[in-house]
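Labels run A, B, C and D following the written order; every chain starts at residue 1.
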Amino acid sequence: MRVTEMLRRDCDHIWDRIMEHPFVLKLYDGTLPEENFRYYILQDYNYLIGLMRCMCVIASKSDAKLMQKTLALAQSEATTELENYQKMLSAMGLSIEDAISAEPAPTNVAYMNFLLSAAYTKSPIEGLTALLPCFWSYVEIAERNKERLKNNKNEVYRAWASVYLDDGAKKLVEDLRAPVDSIESYSDAKEIFTTASRYEYMFWDMAYNLERWML
Amino acid sequence: MRVTEMLRRDCDHIWDRIMEHPFVLKLYDGTLPEENFRYYILQDYNYLIGLMRCMCVIASKSDAKLMQKTLALAQSEATTELENYQKMLSAMGLSIEDAISAEPAPTNVAYMNFLLSAAYTKSPIEGLTALLPCFWSYVEIAERNKERLKNNKNEVYRAWASVYLDDGAKKLVEDLRAPVDSIESYSDAKEIFTTASRYEYMFWDMAYNLERWML
Amino acid sequence: MRVTEMLRRDCDHIWDRIMEHPFVLKLYDGTLPEENFRYYILQDYNYLIGLMRCMCVIASKSDAKLMQKTLALAQSEATTELENYQKMLSAMGLSIEDAISAEPAPTNVAYMNFLLSAAYTKSPIEGLTALLPCFWSYVEIAERNKERLKNNKNEVYRAWASVYLDDGAKKLVEDLRAPVDSIESYSDAKEIFTTASRYEYMFWDMAYNLERWML
Amino acid sequence: MRVTEMLRRDCDHIWDRIMEHPFVLKLYDGTLPEENFRYYILQDYNYLIGLMRCMCVIASKSDAKLMQKTLALAQSEATTELENYQKMLSAMGLSIEDAISAEPAPTNVAYMNFLLSAAYTKSPIEGLTALLPCFWSYVEIAERNKERLKNNKNEVYRAWASVYLDDGAKKLVEDLRAPVDSIESYSDAKEIFTTASRYEYMFWDMAYNLERWML
């Protein structure tokens, strides 16, 4: 069995909860209040910056080949994904300045700093392991909720979701899984993959509850 | 006014809440359930490791003089403080192995990764700014609760608290404040100091609620 | 006067020597032995990898805007420049595998490790300062030797040199100079710029002497 | 065979040259001109700072146990070794300020930046591998030249050399070898150990030739 298949299976209990999270279900059937989506988009824009930062650290420690791959991934986030976000933002009546000035919520900050810390203290492949649940779970969510999406009346939500049904998104997951499959220590990888999976769940939960700092 | 005085004043609203947190008050008057203290000690032991890690990153980017200072600080944490923790642990019927195997709770993980990320991405002095609220607030808590401590019947709590009334603790805070006073951008420093202060509050709250991962 | 103009002027004594280095003059008039160019191309390919690594570290520590700029720069090196090198290599009867397996010479290793160390220990703008002499001196060399190039009979050398006469190359230098112009400490910047300028000179000298490890 | 024994044996050709370097032989028999020793001490003081920096990076990426070991090693360099250097400096009519203001020579800079780059881009154990030749070769030099030292009339040279005959120095080497023996990829370790060994040779050579920057 592929290492990434084992990682995915060992986190079934978390991923099941991700798939069933009300934010996810309502986003796909179109019943999610726009306030929640607006909050999500603003947070996710900032998360994307953190993701790119993490990819830069990983690239900087990789051999020439993996460095080029990771750099290309970061650059595609910096262009395609950020462009996509700009469209989403404007469809929701928000500007890029709103996104930049939005304060990252506690769970978002914790997730970004976890990614950066993993990238800095661990090996490049362990760093990629931390990134994997984000890309992978979005594709799995999209596949599982294809039917639900058909009846979704919210154009913006449909546009948002369609990105993760794309072959490009699936290929990206495969590109990330390949190096992780060659990881040396399974137990270390499992710890990293589990924490990242937990943060994926918590991120949806944050957006569902419009999380704010306590003080 | 010293930069660190301004930082402290600008975070009054957070520090007031730290000073009044029930965990803090009950710890000082001796009414804190031992379950909470046990939880706290196990988490704080792990936090101390994260703190040392952060100091190592800061030292590695500093000029020779500041590197030596930061290194000495890290080494004193690694010896005096860890020894102190070993005493606390055994007084609470816990071993060092219990501490090592204890899973860091979400708020603890978030705080440690914030410190490490600040140390890695920012200047050495901004890194020290992130460390300051931890050391400083413990000394301020100790001073404000001196009277409360006198009636504390719990020997372990009294022993724990006495460390922060010590001149050594006060000197440490002064040693950290000195470089931070020379910081270049006040607004960046304020953001860092604020986030660290928030985490200090959240850390007490975590221990009061025996926080666990959602899943 | 712009900070980068001061830096350039304060390194006149080094840049004059760069401009007059026999490797440079012979490369532009076409009299450079192909053995030297072959050596140079193999070393420079590896240097390019080191340059990209350094850009990744700088990007990882920058704010969102500078991160995106630096990332785009790294990605353009990873695509346009590496492609250009593949053409050069094949024109010289060498393959990409030859380049990958070529052992970096002492001066090349020293230069790459200097860039990486500066990127890791210093601020992002100081990191960019370390990169500047490489990009800038190539453009200045090209401008100063335009006439010489006209009589160059070596097609490969002419193709190589034409890249640095391009407006794209000039714009790149300007893009790098802009953030460096806003640097905080001139004396620190000068030290970094001077060391990088020295390494530029030493790199040409290394290629002229076909430098090898002593043992 | 222990991994470190293999590494040592595979670098025989370099270590033989280190053992026979005229700087080393003359230092041990007392015939080394004081100008060379003065130069060496000033450079080595700066190298020590670079060594500590490298240890901090390694510590910051290590698990709790290895972090504490590496931190203790860095702190012992920062105290015992630096003190030792202060004695040496003053015996040679130099002050600590002379050492701080001495410009690191090219080989010294290259060696320090190699160590830092290895510590940053590689695993903690690979970082320790880069440090090993320095500590180990000094002890081997001391053992091989014990007899030569007996006739050494230069008190300062004798005092300097006696440090590396000490059991503490031997124990330090053993403490460093232990983690390196558990390294995962021998070929990567060999490359690192070889480069560090080369730099050890080049460092003696630098001091013998009073190396300066070309311009």
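Quick note on the criterion: contacts are C-beta pairs under 8 Å (C-beta built on N, C-alpha and C of every residue); 3 or more make two chains touch, one makes a residue touch a chain.
All values reported here derive from a predicted model rather than from experimental measurement.
Across A-D and A-B, it is A-B that has more C-beta pairs touching.
Note: the chain lying farthest from chain C is B, by mean C-alpha position. The mean-CA centres of chain A and chain B are about 31 angstrom from one another, to the nearest whole unit.
Each chain gets a centre from the mean of its Cα atoms; for chain A and chain D, those two points are 46 Å apart. Listed for chain B are residues 53, 60, 120-121, each touching two or more other chains.
Every residue of chain B that touches chain C in the complex is listed here, in rising order: 60-61, 120-123, 184. Residues 13-14, 17, 53, 106, 109-110, 112-114, 116-117, 120-121, 195, 198, 201-202, 205, 213-215 of chain A are the ones touching chain B in the complex. Across the complex, chain B is touched by residues 49, 52-54, 56-57, 59-60, 64, 67-68, 71-72, 74-75, 78, 82, 100, 119 of chain D.
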